[in-house]
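Take a look at the structure below.
Read from first to last, the chains carry the letters A, B, C and D; within each, the first residue is number 1.
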Amino acid sequence: MRREIPTAIAFFVGIICIIQFFIPHRPFGTLVDVFSDWFGIVAAFAIWLGALNLLKVSLERSLSKKKTHDRWYGLVVAASFFLIFIIGMFMSGGDQFQVPGSRFDYLYVNIYTPLSSTMFALLAFFVASASYRAFRARSWEATLLLIAAFFVMLGRAPVGDQLTGFMPEGYRLSEVANWIMTYPQVAGQRAIMIGIALGVASASLRLILGLERSYLGGE
Amino acid sequence: MLASAAIAQTAPGDSSAIPALTIAQPPPPNPATNVKAEDAPNDGGGSIRVTWAASPDDGAGRKNVASYNILRAVSSPTGAGAFDTVGSATAGNTEFTDGHTEDGIPYIYIVEALSSVPSPGGTPVMVSVRSEPTGVAYSNGQWFHMRRLNALIMVIIVCGAILYFIQQASSGKELFIRKIAGLDAVDEAVGRATEMGRKIFYIPGTQDMDEVQTLAGITILGRVAKVAAEYEASLEVPVSRSLVMVTCREVVKEAYLNAGRPEAYNDSMVYYLTDDQFGYAAGIDGLVMRDKPSTLFFMGAFYAESLILAETGNSIGAIQIAGTAMPAQLPFFVAACDYTLIGEELFAASAYLSKEPKLLGSLKGQDLGKAIILLAILVGIVMTSFGAISMDTSDLDKLGNYNIGQWFEVQ
Amino acid sequence: MWMDHPGWVLFGTWVAALFTLGIATFLYKDNPVYKFCEAVFVGISAGYWFVSYFWQTLLPKLGYPFYAGVKTVFVGPAEWGWLVLLIPGTLGMMMLLRLVPKAGWIARWPLAFIVGYTAGLRLITFLQSNAMTQLQNSVQPVVRYNESGQFLGWESFNILLVTVGTFAGLFYFFFSQEHKGVFGRVARVGTWFLMITFGAAFGYTVMGRMSLLIGRLDFLLADWLHLIR
Amino acid sequence: MAENPTEMKPGLFDRLMRIDRRVIFIFISVALIVPLFFNISQRIQVSPEVQMLNDAMNKVPDGGLVLFAMDYDPPSAPELQPMAVAAFKVALAKKFKMVIIGLWPQGPMQANMAFETATHDPRFKDVKLTYGVDYVNLGFQSGNEAVIQKMGSDIPTTFPRDYAGTPVDQLPLMKGIKNLGNFDFMVNISAGYPGTREWVQFGADRFGLKMVSGSTAVQTTEMSPYVGKQLLGLMGGMRGAAEFEQVSGYPGRAIKFMVGQSVAHVIVIVFIVIGNIAYFATRKRKGA
C-alpha cells in the first residue's frame, strides 16, 4: 500500500492535467490553476523541512567536538537566518514586509542584493576563462563552435563593424552575426526544442504510468 | 425605447456643455454597425463575444472615433433592463469579450462609438453615438476546445507511439539503443571517486519539483546512487529546494537498499542549502573548493548559475557530467564540462542507465514520434512550396490557405 | 522614513560594498572573508525565501481563505467552498510528517500529487509550445519570391539551410538507430549544427555577462566611493 | 618523467596554454573599470528585432492600454533596467495607460525605480500623471505561468490589490479592465523563468496578446525563434538596450555602459586568439 496509493494519485492527477487542456468547461478549465496553488502550498510547508535541515547541519558543525577551522561559519549561517526570519516575520508589518522602507527591505537592499548581484557578476570572469579554455580548434566540431562564437562575439561588439566598415552593407560583421543567429543557430535550437518536447512527453508518461517510481522509495 | 443615435455628455446632467457642443461644429461620428453578440467559443462559460463593423469614421471618413464602449442589459419578456458599460475598446478594434456574464441569462449589447470634440472651454467633451442593440445572447461552457484539436491529435500520436513501444518491449522484443557518451562515463567517474577517496557531488538542478527536468535529474540520481553504493563511493546531494531534498532522500535510500548496502545510507547525504539561485551557487562553490570532490554531476534545470558551478568544478579538476534541457545553459555546460547530455538525452538517461526493457521501449517510441514530426515538416514544406510558387512570400500571412504551418497553431 | 536617514543610508552602502568585495575575493581563492560572506548569504537567502513563502503563499493561498471560510460558518451566510482547501492543507501536513521517522512514508502522497501534476502539465505545454510551435515555424515555403514573382535565391537558401539543419539535428537525437552509414553521416552534420548553435549562443551572451559586472562596478565607484558620476 | 625525451622546457606558448585564469580576471577588471571614468560615445547599428520592437510600440495608438510585466531582479538590472526606462519613456511620450505587474517578487520594485527615472527626463517635465488613472502598479503575484493564465480570464481576481494594498476596484484605470484581451499591447522585461517564454506560451499563444520582450542576453537565443508571430520585437542584453535607446531617441545608461562592455568583450576575443595561436604552436612542436 505504501507505493500503490501514491502511484494511483500520480496517475490520476497526471491524466487530469492532460485532459483539462482540451476541456474548457468547468471545473476543468481552472483546475490547473487550483493545482498550481496546491503545489505552492505543499512547497510552503516543505520549506520548514529544508530550513530545519539547514539549521541542524550548520549548528551540528559548529557545536561538534571536532575543532575544525571552519566550525564557526555554521553559527554565521544560523544567525543570518534568524536575523532575517525575525525581522521578516515580526518586525516588518506582516504581509507588507516587502514594501520599500520596511526593515526587511533594508536587509534586502543592503545585504541580499549586493551578495546575489556580485555572485551573478562573477560570471563575467568565468565566461572569459571558460571561453579561453573551450574555444580552441582541437577538432572539426570544436572549430565550428569556435568560429560561430568568434563571429557572433565580434559582430556584437561595435568594433566588429568598425573593422568591416569598408565592406558593403549586408556583409559587415554585425550582419554576419545576425545571420548566424537567425539561420544556423535557429536550426540547431529547433532540433533541440523538438527533441526536448518528445523527451518530456516520454519521461512524463513513464512517471504517470508508474514505470519510473523511484521517487516513492521502497516498501 | 432606444434612440438609435443618442448624443450624451460624459458627465450626464452637465447641461452647460450642450450649447458649447452646438457651437463646436464637428458632428458626432457615425455609429458602429452589424453588432452581434454570441457565446465566446472554447471557454468554460461566463463570457460573451461582441463583434461589430467599425464606424465609418474609425480611421477613415471623419477619423474622429477615439474608442468604443460596450454596454450590456439583461433582456426580459417585458423589455430590456438598463444598459451598463461593461468595457471599452480603443479605435480600430471590432471585437470585445465580456468575461463577466452569468450562464443562461439572456443579454443584449450595444456598442457606443465615442469621439472627443474640442469645446471653447478648453477641455474636450466626449460625444457618443449608440449602435442598434444586438439580439439576445447566452453564455455557456464547452466540453471540447475545438482550436486544440490539432494538439489532441499530436498528443495521441506521440503518446500512442511511446505506449506502443513500451508494450512491444514488455513482450520481450530486443531493442537497440545507441551509445550516449556522457552516461557510459558514469561508472568511470564514480570509480575514480572511490580510487581517490574523494566525494561525488550530485546536483539535481536548481529548480523545484514542478519542473520536469528536476524529476528527470532525480531519476538519474537513483541510478548514479546505486553505482556509488556498489563502488562504495561517498555521495553528497546538496539541493536547492526542500521538496527536492525530501524526494532525493527517498531515491538515494532506495538505491542503497537495491545495491544491498542499506546501512551505508544516511539522511545527511542529502541536504538543503537555500532556495535562492545565487545563494545556492555561493554555497556550492564553497563546498567544492573545500571538499574538492573528484566528480560532479549537474542533472536538471539550471539558469545562470550553470557556469558559476561548472567553472568552479573545472578549476579543481573534477570530472563533470552535466545534462539539461535548458537551451540557454547548454553552451556553458558544453564548454566547461567533460560530458554534456543535450536536451532530450537528459530525459533518455534514466531509461538508458536502467536498461529496463519497458523504459528502453519508451525511447524507441520517442524516435517514432520524431520520425512522424520530421515527416510532417517535410510534407508540409513540399506542399506549401508548391502551393506558393511565384506567390509573394515576404509575409507568410499573405499565403492564406497555402500557409500550411498554421495548421499547427494551437490556441 | 528611518531608512532615508543619511546615517542609515551610508551604513547600508558600506555594508553592501563590503559584501560585494567579500564575494569578489573568491576569484583569487577561497578565503575566510569569502567563507563569511557565503555563510551570511546562505543564511540570509534561506530566511528570505522562508519568509516570502510564509507571507506570499502560505497565508494568502491557504491561511486567509481558510480563516474567511470558517468564519462564514459561524457568522453566516455559510459557504463551503473553503473545504477544498483541506486537500492541499492535508498534503502539506503529510509533508511535515517527514519529521516523524515512523510516519515519514506518508510524505509520498503529496510527492505523488506533485509528480503527477508536473508530468501532466509539462507533457501538454512542451508538446504545444516546443513541438507544435516549432513545427509551425518550420513549415514554410523553401522557394521564395518577392511581390513581383521574382525568385529570391539567397532567402530560399537560408530557409533551406534552417530546414536541413533542423532535420540533421533531429537525426542526432534518434536513440534506437545506430549512427552509422548515411544515417550516421546525417547525424554528424546534425552535431555540426548543434555546435554552431552552442558557439553562437555562448558568444552572444559574453557581452551580457560583462554588463552584470559593470552594474557592480558602477555601484562601487559611483554609489560607494563617488569616484564617478 | 624528467628523462622523457619529448618533455621540453616549457616555452612561452606552453605557458600561454596553461595561463592562470586569474590573469584573465585582471585584464577583464581593468577593461571594465577604466572606461567608466571617461565619456566616450559610439554609433550603434540597430538590429532588425529592435527596429521591429520600436515600430510595434509606435504602432500602438496614443493613449492605448499597455501592460508592463517586469520579471527580473536586481542582479539583471544593469542589462534590463535601461530597457525598462526607455520603454517607459516611449510610453510617456505616447501617453499610454500603463498597468505594471511582476511575476518576480522584485519586479514591481524595479519597475517603480525605472518609472521614476523615466519621469525625471526633462522632456517629460510637463507630463503630469495621476496614479490610478494613468498608471497602476499591481505588484507581484506568485504562481508563475498560472498567474498569466488567470489574467487571461480575470485580472481583478488575480490581482485583488495593487502594490500599495489598495483594492483594484478603487483604481479608476482598472474599471474597464477584465482580462488580457483588453490590452492593446504588452512589454515584457524578462530575466528567466517565469518570463518571456511563459508570456509567449500563455499570453500570446492562448490569449492573443500583442507583445514585445526585452530579455537578458543569455535568454535571447531562446526567444529569437518566437520573433515574428508571437513576439513583435525583441531586444537582447545591454546591446539591445543601447540599440533601443538609440532608435527610440532616448539615450540613457546603456549606451554609456556599452563602451566598457565592448572593451572587455574585445579582451575575451583577444584571449581566444592567443589561446588558439598557443595551441597550434605547441601542437606543431609536439608533432615535429
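A few points about this structure:
The working rule: a residue touches a chain if its C-beta (ideal position, glycine included) is under 8 Å from a C-beta of that chain, and two chains touch if they have at least 3 such contacts.
Note that the structure is a prediction, hence the values are computed from the model and not measured.
Chains A-C form the pair with the most C-beta pairs in contact.
Note on chain placement: the centre of chain C and the centre of chain D lie 15 Å apart, centres being C-alpha means.
With centres taken as mean Cα positions, chain C sits 4 Å from chain A.
Centroids built from CA atoms put chain D at 20 Å from chain B.
In chain D, 21, 25, 28, 32, 75-77, 105, 140, 142, 153, 205, 218, 221-222, 225, 239, 262, 264-265, 268 are the positions where the chain touches two or more neighbouring chains simultaneously. Residue positions 43-44, 151, 155, 158-159, 209-210, 212, 215, 243, 246-247, 250, 272-276, 278-279, 282, 290, 304, 327-328, 330, 332, 334-335, 342-345, 348, 363, 366, 370, 373, 410 of chain B are each in touch with at least two other chains. Each of residues 18, 21, 30, 32, 36-37, 39-40, 42-43, 46-51, 54, 70, 98, 113, 115-117, 119-129, 131, 133, 135, 145-146, 149-150, 153, 156-157, 181-182, 185-186, 189-190, 192-196, 198, 200-201, 203-205, 207, 215-217 in chain A touches at least two other chains. A complete topology is adopted by the chain contact network, contact being made between every pair of chains.
Remark: chain B residues 43-44, 66, 85, 87-92, 96-100, 207, 278, 303-304, 315, 327-328, 410-411 touch chain D in the complex.
Those residues of chain D lying in contact with chain B across their complex are 21, 61, 63-65, 75, 153-154, 176, 178-179, 181-182, 184, 192-193, 205-206, 218-219, 221-222. Within the complex, the chain C residues that touch chain D are 27-28, 52, 56-57, 125, 128-129, 133-134, 137, 197, 200-201, 204-215, 217-218, 221, 227-228. Across the interface of their complex, chain C is touched by residues 22, 25, 28, 32-33, 36-37, 75-79, 105, 140, 142, 145, 197, 200-201, 205, 216-218, 220-221, 225-226, 228, 230, 236-239, 257, 260-262, 264-265, 268 of chain D. The touching residues of chain D, counted against chain A in their complex, run 19, 21, 24-25, 28, 32, 42-45, 47-48, 73-77, 105, 109, 112, 140, 142-144, 146, 149-150, 153, 164-165, 221-222, 224-225, 239, 258, 262, 264-269, 271-272, 275-276, 279-280.
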